[in-house]
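Chain lettering (A, B and C) follows the sequence in which the chains are written, and residue indices restart at 1 in each chain.
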Amino acid sequence: MAKLALLGGGGFAKEVAEVAGLIGHTIDSYFADKPGNSPLRHRGYLEELKQAKGDYDGVALGIGGVSRKSQEIRHRLIGWLDDNAIRCLPIVSPRAVICKGAIVEDGAFIAHNVVVAVDARIGRFSLLNTNAIIGHDTILEQNVAVSPLAFIGGNAKIGRNSLIGASANILQGVTIGENVVIGISCTVLGPVAANKTILPQLKRA
Amino acid sequence: MAKLALLGGGGFAKEVAEVAGLIGHTIDSYFADKPGNSPLRHRGYLEELKQAKGDYDGVALGIGGVSRKSQEIRHRLIGWLDDNAIRCLPIVSPRAVICKGAIVEDGAFIAHNVVVAVDARIGRFSLLNTNAIIGHDTILEQNVAVSPLAFIGGNAKIGRNSLIGASANILQGVTIGENVVIGISCTVLGPVAANKTILPQLKRA
Amino acid sequence: MAKLALLGGGGFAKEVAEVAGLIGHTIDSYFADKPGNSPLRHRGYLEELKQAKGDYDGVALGIGGVSRKSQEIRHRLIGWLDDNAIRCLPIVSPRAVICKGAIVEDGAFIAHNVVVAVDARIGRFSLLNTNAIIGHDTILEQNVAVSPLAFIGGNAKIGRNSLIGASANILQGVTIGENVVIGISCTVLGPVAANKTILPQLKRA
């Protein structure tokens, strides 16, 4: 398999590295704006990665998508990777279920126990976290982050850079625009326009 | 394994066909009131299925249970299948976990990553969608549809033709009557009488 | 593997016994304050277990953690097991995913389809029920019960004897004190002090 450079040094990067290892890739160093507490070797950040890219078969994007801010960082890094023609393989857990006809594009990350139903399309650099479910024929554009236990019904469409929070539910057939944030545990029954934020209701003690 | 006729031509039918294929069944044609965009051969609808039933070892019911209306359609089709003495095997994903002592009756469909706990009973033609959980000793009567990520606690009982929405939670020990609809993401802590509808609270932007 | 005494005679005890069997342990008898309808042999309760402990390699704690009361019972039984120097192995489903660097302490029970992310720590006698997710670097202290489909984000910390209800969501980084009860389907976005109870909002018909 491939020798990959890990871009990111936090907890999500550890999860990406674990899955990459399970499917036979080798990761022995990472690039981040500052050193983390990773056992891997810190080799600097973007300038150093640009210099060193010949040492690797590709890059694994290890920045999580947990907020509007982190989605924007991911968006910028994807642009940088594309500008520098750096290849990013999809990284898919062997414990995920990718059904017949489903397409997983380059740079996508799919965590343990995710189910991608028949004929769904997971766009470039989209991130499906643990136990997320993507319904049949659903389309995720580039850099959509789907958090753990989130459910997206069949025939839905999620625009680029949008974030679906943990345990959120998107009804079948719903269209969500670009740069949307759906908060943790929210339920969405109809279309959501680009750039909107849907917040969860707080439960009181 | 068996050669099955698929009844239904939409997205859910594709999911049923995929699982049936994974466990070794053969499906090469479907029956629906109108042709869909399936790669399988459309052979007509109920009259044609009645004529052709000798060509198959049984039928896989590929109509999803996502609304009161679709549950009623499933109910009528089950009656038609019974009237015509057509056999419907249970179709259970190899990625589901069916625990010791659990019973899965004819016609039931169990999707990927479902867990059916010890000594639960899944009634005829009940439908457990992706990552649904059925607790120990719980009884689902005929044609209960349990949507993705729904949780039904132990020692519960769900009446025939009822629908449990995606990510809904039914507390342990609760009894739900026939023809009930529990909406997406609803939490149910006590008994629900027959024919009731429980609606989700909407989250606002 | 080991010969275990099962402590508890209800539905959860059946689930623990099933998983113990899947990983090669032998359970042929149980101890409970009164006989249940288990096919196993009822050998009495704590006095009898104390007498008979030499017959077993250890004890599997088969009392579920579904309420403040049952968590208190588990807490007292754990104290009794410790006082009597009875060993309790962790019991982990072969269908769970325990990621690299994660630690599962003695007496913990991990059900089917659970995911414990990298470098998480599951404290003594903690109980992770079906499809629960524990984020990276998260710490569960002793006797934390995490119900089915609950999600605990990365870098969280849950205090001893606390109960996280089914489908509840705990945001990443949140600290929850000891003896807390988070109700079914609740979403928690900030710290919760010791001994608090967070109740779900009811959905109306």
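Basically, a contact is a pair of C-beta atoms (placed from the backbone, for glycine too) under 8 Å apart; a residue touches a chain by one contact, two chains touch by 3 or more.
All of these numbers come straight from a predicted model, not from anything done at the bench.
Colleague: Viewed as a graph of touching chains, is the assembly arranged as a line, ring, star, complete set, or other?
Modeller: complete
Colleague: Do chain B and chain C, two copies of one chain sequence, contact each other through the same residue numbers, with over half in common, or through different ones?
Modeller: Different; most numbers are used by only one of chain B and chain C.
Colleague: Starting from the mean Cα coordinates of chain B and chain C, work out the distance between those two points in Å.
Modeller: 31
Colleague: Mind pulling the residue numbers of chain B that touch at least two other chains?
Modeller: Residue numbers touching two or more other chains: 113, 131, 149, 167, 185, 200-201.
Colleague: What residues on chain C touch chain B, complex-wise?
Modeller: 11-12, 14-15, 18, 21, 66, 95, 111-113, 130-131, 148-149, 166-167, 184-185, 200-205
Colleague: Per the contact definition, I'd like the list of chain B residues that touch chain C in the complex.
Modeller: For this pair, the touching residues of chain B are 97, 99-101, 113, 115, 117-119, 131, 133, 135-137, 149, 151, 153-155, 167, 169, 171-172, 183, 185-189, 192, 196-201.
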